Structures are given as structure tokens and as C-alpha cells.
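Heads up, the next two complexes both have subunit A, just with different partners, subunit B and then subunit C.
Right after this comes the complex of A and B.
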């Protein structure tokens, strides 16, 4: 059962810079071999949390434990972590092989051991033919791989990626996301990614921690995060959604009836009658026409955006509210702009969030 | 038209290069003159003037003094100038730009003004030991070169490299030594060479602080040319010139001359 044992534990870690609280009592437990993303907008504290784990930032309160060891006050060079930086931070005066060997050399490893580890790391990132190159002679994608190989070569207890893919162009980034996930799973690495890119988070991670204002708003598997967002912030930050403001009329059994400007809607949630709420649903839940156990609303099509496998239709429901529907075209014709249509979506996929949580 | 413009530019480039190098060629030629008078065209060649350099009155003490002052002031400037440059480039120092300008300002000041100012200043505080005043004055000459080069070098230095080294197992001082120093080596070399040459070559500041027993090589050379203008001085100049060329050539092998000239990155 060592797979399920906690490998990295962050306990109530806080950090302030002057009057700003960057980390607000963060708790996070990661299992061995797990790939976890810290996702959030800039300034949410995700990079500071990563730096606290690496030992490059000292938390004001709380503890960090890695592989059963309290490392809260251990300096970075004794933590056995591997970091891939956004700028890659490759040593310009060393070759590719020299960069990868660096960590083992300062650890005083034997020459034969270093050579073997460098070769292994190079073949892992498929750069064996570039061992003798200077860093300045490499492309961005190649530099990214060298940075990864350098971090992996020391066999760290945890690999930390600070926006490591954000400098690559879109196509290369998407390829690297898939390849990196496979590679990390192959070497059974435990890794934490920091990113503001929701696609990267959903693609690469076993679990995603959505961060906002120094707190983790939700820690969940990508699928659950998308289908069952725990807060309005998480809903907004990952994926698209329709959001309509309203007031709770009646509540019970985990469901609420909400009066809105587009009519009465049912949603999942626990609120007192009279509470102001936001009712939300994902675009792919919408259908043209009626369905059972569903909310409905009518309006005029404002825009139709074709995106290959799907078509996004924005409907003006009047009173300043709009509906965002994703239609595949399989279950009927795609409407055109100015069409009057009626949309419906299941009550079980409609969520109510407290109004004041809107950031 | 465009063709003609290009030709004009080419002529300018070649002409100016010749204009700048010609005097150096003349002095080199004159140093091999068989007669005591600088005269062109040469009739034959002789190296006897080179043999007489060492017998010039007071030559060795002056050479030694100039080397001492140049090496010491360069060493002190490199260490202190680099630390100051770090504060300016990295240390979130309030008013960093003002300090940067102040550190580089002696470069823009005429040497004579600097020399007189230093002389008066040293007199005012009763600091008159010639060797020590020369060294302090030469710090004023060399520091701007070091500060300018190191501020530029540090602006390009990614301080994340130090963090990367720390996470890979280096202590903080170890990271500075193993990563920052080698990564900045080209800047150190460039700063060191410019600083050394600026000090070794300086006349207008030194002249105010030298006394009869403490004369740097440039002052001594001017004295020679007033006393006995024969090709010995041309031979000495040619030697200094050769030394400089070798220094620049070796540096070019190491870091690239284009970076020293600042003509490309």
C-alpha cells in the first residue's frame, strides 16, 4: 500500500510579503507517483507554494514533509528536489552533458556513475545526439528537455515544474504535455506542475489544485473538477459556462428553485430561501428543444462559432443574460444568427453558487 | 544610387581603418630605424634600440610601478565594482540608476579635471603618500570600466541559475562560485583588460600625483621624449603595442572581440 502513502505533505503553510498574504494556511497531501497541478491566475500563490516546497522560499508558518522527513527548515541543496524553471536556468558555460551531470558532480558521485546517469537521462528525453552541444546552440524545445533531464538525473524525491512549458509555442507545448506525462509515469516520478493554463492542467495531472488568493479552492481529479466545480472561481477558471444571477425561492433535498431574469430555474445546492445565487451550467449540457427534468430558456442566437468538432452558440436570453451552448450538430441542425430558439439542460447538471464568492 | 552609396560607405570603412592604424605602423617601422632620427623611408633595419630600452634612466622602477598600480587597482575594482554592480542590477537598491550613473561618471570627466580635483582633495585631507595616492586615483580611473561592464553583464545574467544550482545540491556560496562566476567570466575578463589598460596608459591623472621618485611609465616616457628623442621610445611603444595586441588576441580566442568592442552581442 506504499502507493497510497503520503509522499509530500504540506501542513498549514502560510507566507506573507509585507501586507500581502501570498499563502493562507495551505494544506496539501500528495501520494508517491502522483502528478498534481497547482492551477490559478498570476498572484494566486502557486509559484510561492512551489518555491516553499523547493526550499527557495521560507514559509512563515506550517510544515513541509517529503518522503517521511520534515524538510521545513532544510536548505534547498539538502532537500533532494528537482526543479524545472520557466526560464530553464541552464548553465550557459556548460555543455548539455555538463548541465545534466552538474547535480551528480556536486553530490560527489563517481565518474562512471555520472556518465551512466547522464546517458540514461539524455536517452529519456531523446537528446543523446546533442550531449556535447553548447546550450546556446539549442532550440527552446531542446533546452526544455535538457532542463528536464538535469532535474531527473539526480533522482529527486519530487519534481517541481514552474510554468515549465509556457515558453514553448502552442503546438510544441501540446506535444510536450502528452509526452511529459508519459515520461513521468514511466519513471514513476512524483511531480507538481505550476501553471495558469487549464488545458495543461487537465492533460497532465492526476489531480488539480485550483488556487485563488493564497488558498486551494478545490483539489480534485480533472474530470471531477470540470463536472463538479466546488466554487464559482473553479467553474470560471476551468472551461466555459453559462452563469445567471438569481434569488432562491425554495430549497430542500440538496436542490433549490431560483427566480432569475430568464425564468424559474432548478439547480443543485443548499441555500436558505432568499439567498442571492449564481446558477451555472456547462455548455455541452444544452440541447435545442425540450427534455425531461430540465431547465429551459428561450432567446435569439447572437453568435455561432464553428470550432471543428463542436459549435459554440451564444443565445441572448434577454434582460442582459446569455446562454452558452455547445452543439455537436449530430442531434439536429445548427441554428444561425438571429434564429429564435429554446434551449434546455438537465437540472442535475445545473449548479448554484453563492453570489458573494464571485471574485 | 544605392550602389554608389554602398561604395562611399565601403571607402569610409577602409579609409578610417587605415587612418587609425597608420600611426601604429609608422612607430613600429621607426623602432627598427638604423639611424637615431625618425626617418622614412627606411634604409635597412636594426634592433639595437630595443636593446637600449632597459638601460633608459629609471625605466625599470617606472615599469614596475605602473604594473603594480594597474594590477592592484584592477583587482580591487573587479571585486568592489562587481559587488556594487550586483546591488545595482539585482539588489532592489533605491535609486539604482543614480548610483549606476555615479559609478560610471569619471569616464565622462576630462582626466585633467579629475587629476586636479584629486590632488586638491588629497592635499585637503593631508593624504600625500605618492604611491598610495596613485593607487586611489587609479581606482577612480578603473572602477567605471569595471562597473559599466559588470552592470551590463549582470543585466543579462539570470539569477535563477543560482537557484537551479542550489536545488541541484550546491550550497549558496558554492552556487555563486560554480555558476555565477563562470557564467560572468567573459565580463570579468573584458572588465579586467579595459581596467588594466586604462590604468597602465593613464597620464593626465598620474601627472598630478607623481613625484621625482614615483613616476609611472607614461610620465617617464614623456620625459624621455623631451630629453632625447631617439627610436628607443619607438621601440618601447612597439613593445607595449605588441603586448596589447597579444592580450586582445588571446581574449578574442576566449570570449570574442566583438563582445569587447560592444559591436554585437
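Right after this comes the complex of A and C.
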């Protein structure tokens, strides 16, 4: 996969709306057949980046290349992209088949070719029986599928999904995530999803770009993003974590010793002594009791939340700091509220990030 | 029904009472509509086909059988069609401009549309005569600029009539179209573009069909207003352009021929109803 030539290249794209920088020199390279998610809070620029790729927003600087062609100044109708909008934007005056045929009709395709493509797209999203329906007669999930079929039918070079699943209810959304991923892999589509939903990002994508304030903070495979977050923002935005503020006492060999309110902790990171930092770890790294090469802290259990296969335990470590542990229950009893317990977690799974002003 | 001692079911009378209440609410408006609108129309029809000797179609034969009155019918149709066409050509882009306008600009634009509705149509028609007459503002300006030497004859021409009528009835075309355009999701145009439709193709295949209900409502309104206009043709063109509306007035006020006036009224009504019914049909079956 890594040998494949770049298919979509975004080079140093910037966009300002008045005094606000929405995109700040974005670089992004996507390979053919790759599924990439732009993940971030509202206002981080993810939708604007998607619109810049689609040609619906003109970047102030930078270049966009698609399938070896510079499309920076190409109007959207000549880009050969497929967009699935959050509101779907299905044409209410056309039937399901009419919507799917639209792209091919305006390209002047032959009648037979159009019929075949519509049939193929409909069977792909399993809606063959609804071809003659009006859009208003469809459920939200069916509309979502029609929007997908309409975008796929023209065989675009890249499929762009703008919060395309967020209008569905939770259960349907989770089903669609899995189904959509399989479908896109089957047709070997290159796709970019825009979402603020971390589960969607982790489920659907080969790589996730975490965006914040018009920049990509981290571009990584879902597993790496979770296990090795590159910034405090990425850590916060994907998954749960324990975060403790402190000051670096000593540093060396990619490790730091940090003085915190719950005691001295070791973490991975490169900082000068005296730097204010946040020490963080994922909840599943915590164990009750001691372990070697580990940080440790004690406190009183504040809450216990049973989640089926595991249990989330929040511990008040004093001085306003708290620890979040995810215990499987296999290697020891689950504590109850008000228990005094000691937790430990490996130093190699502890990260230090520069303290930043939180918005 | 042998258990006479049992209390009567409670639900049945309460349903009756609800139905009675509903009828009670509907009845006054039904009576008003029947008395004020339906009854006069029946009377109108009656007067047009009954004279002292009984049933007659003489009035309709005269109206639809003589070249002069056919010309009158044609004048009315022409006035209605041309006014509607001009008003549509101005209103369609105007409605988009109005929908795109933001904040204070939109309020000002809407006010300029609504305020003239408060002025009488007579005032507006007179305003056009002042603008267009030989010593009117338009001629004076053109002469002052040296574009023309002698005043152009503008008032009492068909052009003046159509321009004036289109202007006066413009709000009735803009507002229904604007109501649709303002609701139109911009994503439709974007979706069309990403699917490969150029702006022109997207307009004809997506935007125009989606705004059709507004167009049809505006056309029905402006056509029925202008086809039956009386004040506007009377003031802006006068005797030489008789329409059904002016013929009706003449039949009642000068010639004292209520039967003929009624027949002209029925024909006018039939034309308007035909257009409105056609519009309703078109808007029910888009595409």
C-alpha cells in the first residue's frame, strides 16, 4: 500500500475568512484506495478543507492535485469528485433512479450506459426495489444510501463525505460505518470523511488526520493515533485519558522526571528542566497495585462505571487531580466507591506534553 | 339495547359534540363564502343567459362571434400574457437577489416591495402617466441629455400599458418566487456541480424545477390580476385598447346591457380559472 503513488495531494493550502484563518498551510497526501478521516471539533477547518478539494471553496494559497492533475483552479463540475453531503442534498423533484442517473446524464452518457450504472449503484447500496420512489418517501437511512449511490455512480476519483453519517441515529450509524467501509473497499474507492465523531474516524479509516485551528495536528493510523498521540489535543480528542499537570525536574534520553501534585512521575518526552507539562496515560494501562518500571499514585475511588467487558474507575488522587483506570476484572477484584487503592501504570505508556492554553 | 338501566356510553355524545363544535366553527365562514362569492357568481351566470324572453345565448354569440369583441378578448389575453411574461423576467432574478441579500439590505428591499402595495392602484397608474407623458420626467430627461430632440410618444401606447402593469403587479410575482428561493438549500447547486453539471445545466435541471412552484403561483396571481385589470388600461392607454374589463364597465355603466356585461364577466372568469387550474395542475406534478 505504501508503494502506491500519491493520488490526492494537498500542498500548503490556506484559506482565510476575514480575520479568521480557517486553513493554515495544510499538507496532505492520500494514496489511491485509501480511506482517510479529517477529525476535529467544529470550526477546526475540516469541512473547508473538504470543500477546497471538491472545488466548492477556493483556497487563498496552495495547490490541490488529483489523479496526477492540478485541479486548484478547476471548477467543481470538471473535477470528477463525488460528495455526500450531511443533508444529502438529494434532488426532491427526481426519483431515486433520477438522482443516481443525474451525474451521468449531465455528462452526456448513453441511455444504456446510464441504466446499467444506476442499476449497479442501486444494488451496491441494496436499494434496487426503490428505484422509482420519490426522495420524500424514503427514510433517513435510505436517503443516505441514495446519496452514496449517486456519488459512486459517476466513478469519481475521490469520494468526499461531509459529516455524512451524523444525521442517522446511533444504531444505524454504527451499522453504516461498517457497511460503508466494506463497500468502499470493494469498489476500491479513495475516500475522505469529515467527522467530529472519533468512533466513526477509528472505525472507517486507514488513516486519521486530527485537525485543530486550521492545522493537521497528527496524521496516523487509528491504532497509532490512540497509542501514540502526538499532541495534547490529539490525546484529548481521541479516547479517554488521565492528565496530571506538573513541572519537569530532570530530562534525558527521551524521558522526563516530572514533579506533580500526586508525586514524582516519569514520562516519555523531550523537555528542558523547569518546563510546565501535562503527564498523560490511557486508562487501560492502569493496574491495581505495584508493577515494575511504573509510575504509581494512590487515592480514593470516586466512581465505578460498569461497561460490560470492562469497568471504568475514577480515583480522587487528592490536590484536585484524578486518575482514570479501565480494569478488566480478570486480574483482581474491582474496587467499590470509597475504597483506598494504589494504581500503577508503565512509564513507557506515559507521555508528557507541553502545557498549552486550553480554549 | 335491552339494558335500559345502564348509563348511556359517554364517548358517543362527546364525539357528536365535537363534530357539532367543528361545524359551528366552519359554518360562519362557509356562509360568508357562499353568500359573498358563490352566490354572486351564480347570479352573474344567470343574468348572462336569461333575458326577458327566457334562456338565451345571444350575449355569448355577440361576444365570441363578432370580430370587434374577439379583439377585446384578445386584448385582455395579450395584456395578461405580456404583463406576466415581463413581470416574470424581472422577478426571477430579483427574487434570488432578495434571498441572497442579508440584514438591513434585505429589509430595505422587502420594504420597497411591500410599501407600494399600500398605495392604491389608481395612484400608481397616475404616477406612470406623469412619468411617461410628453412633458413627463422621462421625456424631459432624455431631451435634457440631448438623446432626443422631440418628446417620444410613450403614454397611451401598448408598451406603456405593459410596463406599467408589470410594475404594478410585480410584488405578486416576486414574493411567491422569493418564498421558494429563500428556502432553497444551496447544497442542491453544489451537489449538481460536483456531479458534473455546469452552472447553466445545474440551473435548468435543478434550480428551475425546484423553484417551479413559486413561478407557477406568481404566474397565476399576476395573470389573473392583469387579465382583469381595469384601472391600469383605462389610465395608461384608454379607449383604443378595449379589454374585457373595460367592456364590462361600459356594458353596465353606459350601455345598460347587464346581460352582455355578465357574459363578458363569465368569459373573463373562465380565462382566469383556466390559467389558475393549469398552474395548480403543473405544480402538483413537477417535471
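Just so we're on the same page, the second predicted complex is superposed on the first by the 353 of 359 C-alpha atoms of A that agree within 3 Å, B and C clash if a C-alpha of one lies under 4 Å from a C-alpha of the other, contacts with A are read in each partner's own complex, and residues count from 1 in each chain.
Operating definition for what follows: a contact is a pair of C-beta atoms (placed from the backbone, for glycine too) under 8 Å apart; a residue touches a chain by one contact, two chains touch by 3 or more.
Please read all numbers here as calculations on a predicted model, not as lab measurements.
Aligning the shared subunit A places subunit B and subunit C in steric conflict.
Once chain A of one complex is fitted onto chain A of the other, the partner contacts of A:306 are absent, as it touches neither subunit B nor subunit C.
Contacts of A:56 after superposition on the shared chain: both subunit B and subunit C are touched. When both complexes are overlaid on chain A, the residue A:87 reaches subunit B and subunit C alike. When the two structures are aligned on the shared chain, A:17 is found in touch with neither subunit B nor subunit C. Once the two complexes are overlaid on chain A, the subunit A residues touched by subunit B in the first and by subunit C in the second are 54-56, 75-79, 81-83, 85, 87, 89-93, 102-103, 106-107, 150, 154.
Every residue of subunit A that touches subunit C in the complex is listed here, in rising order: 54-56, 75-83, 85, 87, 89-94, 102-103, 105-107, 150-151, 154.
Partner subunit B is touched in their complex by these residues of subunit A: 54-56, 75-79, 81-83, 85, 87, 89-93, 102-103, 106-107, 150, 154. The residues of subunit C lying in touch with subunit A in their complex are 185, 187-188, 190-199, 201-202, 205-206, 209-210, 212, 286-287. Residues of subunit B touching subunit A in their complex: 158, 160-161, 163-172, 174, 178-179, 182-183, 185.
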